[in-house]
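One structure follows; several queries about it will come next.
So that you can tell them apart, the chains are marked A, B and C in the order they are listed, and the count of residues begins at 1 in each.
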């Protein structure tokens, strides 16, 4: 696909979300739920967060995509997260997985290992997390990569995750979005680099988590690759605009959410992107 | 009661909250706790949120009203929510119940069914939720209504919930507040329609949840009907003012919280309301 | 130590945090996680929140300080909180303890009692909480003080907690920070009073919790007393500046977070402080 086709797909996705207000339910972490829900609402979607297994399955049934974020595990997540990813897979609906915190604690590793057969169609993370997940699933690298990604800090540049991202996308048959200074989105074949955003995104919690939630909103109306790309473009353009007017983190975050809501589809589609 | 009497009650309630800073403890959902607490503080109350059964009972004992929101159930809520609603009933204190998410999952239905004997004196929800709760409690309609309210979306107009709202209010001996384009507040006899607010309230998570928390703050100083009405009026006036200055969701939310704090009692009492 | 030496320590701490971006993991309450994380990021640190025991231990190992806040206990905290405070003690790393809600429920009392041998090197709370904790640990006063501190309200003035604060600091060999109209920070010998802030801090949830989180960020780079003092100074100066521009709670909070990020080290070091 060339850039023109990708831009057309992005624009149609943005329009479709604003028209249909799709529900993308979430099983997500406790730190950033407010930001995730508000970002999903700002782009035009609907939001619902749950903790219990059967409630997660109900959200899969009620929506056309679902978001699973590993952030702040509770004991109940041992049942809920696999149940939700499995239900999405069985129903042929896109599950967006954010493997944040991969490498911290045993339960996180156990759950992520158990998710492999259910092929979440979008995986979103920073470079370290994508490399670690591809290693854990033995798609590229090895499980010893787990040690590189502890906590929420990025220790690798986006480019280092290119092979892992492609391997993951080919395995799931979906897409992978790697967040960094320049973001990378791939379906395993085409690789797109998206520029924009702001360094201030690192000074506010939840930009990564909420991007995952917005990927799920887009995935409720278009294919995983277009969804990951539209969400990434939307974030980069909104981040650029917000940073143009605000130089401190809290006012930047507020302006960012306002921009998510305000930007016209054509403005999102004309983000700075390059295709390999 | 006529409009003049209602306005007088609202103004007195606003003054009483600002003077006494009453505590209204909450067992509430994880997505919107920050918004609930900040709204309760902005109107002049005090806030405390807990998860454990004996802590919920301690908050009932420490305050004059309590707020229970069904949003994001955890296993512990199976004990905590009935314990808190029961304790409030036994102590003759107002419990505000928000049956959000009614119809998602088995535990939510089980807990809501178990709450019936403890008659929470204020129920707040959107039209679908109020209709579903009245059906579940077999006060009007039937339990098949559960299927109509899944998630946090309103599928019915406020007017469709008029019968269910009155039936619920008569059953509990308290009040019901139905949120929508025009809000409805009733004690089972008098029906008040309150206008104001903004469509932007649907593009931000937690306006409904935090209104429930503010109902509890007011219920700590006045009767349930006046409390539900004062909180609804406060929200509508603050929403109107915030929307007059801000056209995007995040800046709107911030201005709304500021307005909750700023508006004078007379300004709240002079909201746009009609009485049947 | 005299004021000049203290100011020098504060300035160096602020510089060190901005250079090293230290991780201070948290086991903290569900109401204010977003505020805690954003404050930690705004001052220059890194943030990660967890619930499970082994994840808490992993965060102790990964960072140089850790934050434990008792706010909204879940059943899992019975294991996690003691495990984390014990791990920090064993590793010789500073644990910051916020005993918020001391006196509500049995589990909170049981956990706080169990923490005594592990001497968290910084304790932060309002006057009632500090008095109650010193009583519970039988360092000063007695356990009947528990009854005085219920919920999040301050019922005692900071000066009333002077003895309890010094007793706690001497017992842990660290520092205690008491929040109030004028804050008090002590290492058990030197007592520092820090002025600034704003009354609006009481109209927004999480100023106390997030101050605890920022104490942990500073404690990752300097000794407990300097860390508690630097965090307290940072909060007071940012609060003063934000209040100079904003008179309502939500815009005040946003400006406060922006100021945390913006203020230069010398500006923080020149806060209004007096030493006894």
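Going forward, a residue touches a chain if its C-beta (ideal position, glycine included) is under 8 Å from a C-beta of that chain, and two chains touch if they have at least 3 such contacts.
If you're wondering where the values come from, they're calculated on a predicted model, not measured in any experiment.
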| request: Enumerate, in label order, the chains that touch subunit A and subunit B alike. | output: C
| request: Same or different, please, for the subunit B to subunit C contact, judged on whether over half of the interface numbers appear on both copies. | output: different
| field | For subunit B paired with subunit C, centre-to-centre distance based on mean C-alpha positions, whole Å | value | 33
| note | Residues in subunit C with touches to at least two other chains are numbered 30, 34, 74, 254
| field | Contact set on subunit C toward subunit A in their complex | value | 23, 25, 30, 33-34, 37-38, 41-42, 46-52, 54-55, 58-59, 62, 74, 76, 253-259, 261-262
| field | subunit A-touching residues of subunit B, taken from the complex the two chains share | value | 29-32, 34-35, 71-75, 101, 104-108, 150-153, 202-206, 248-251, 253-254
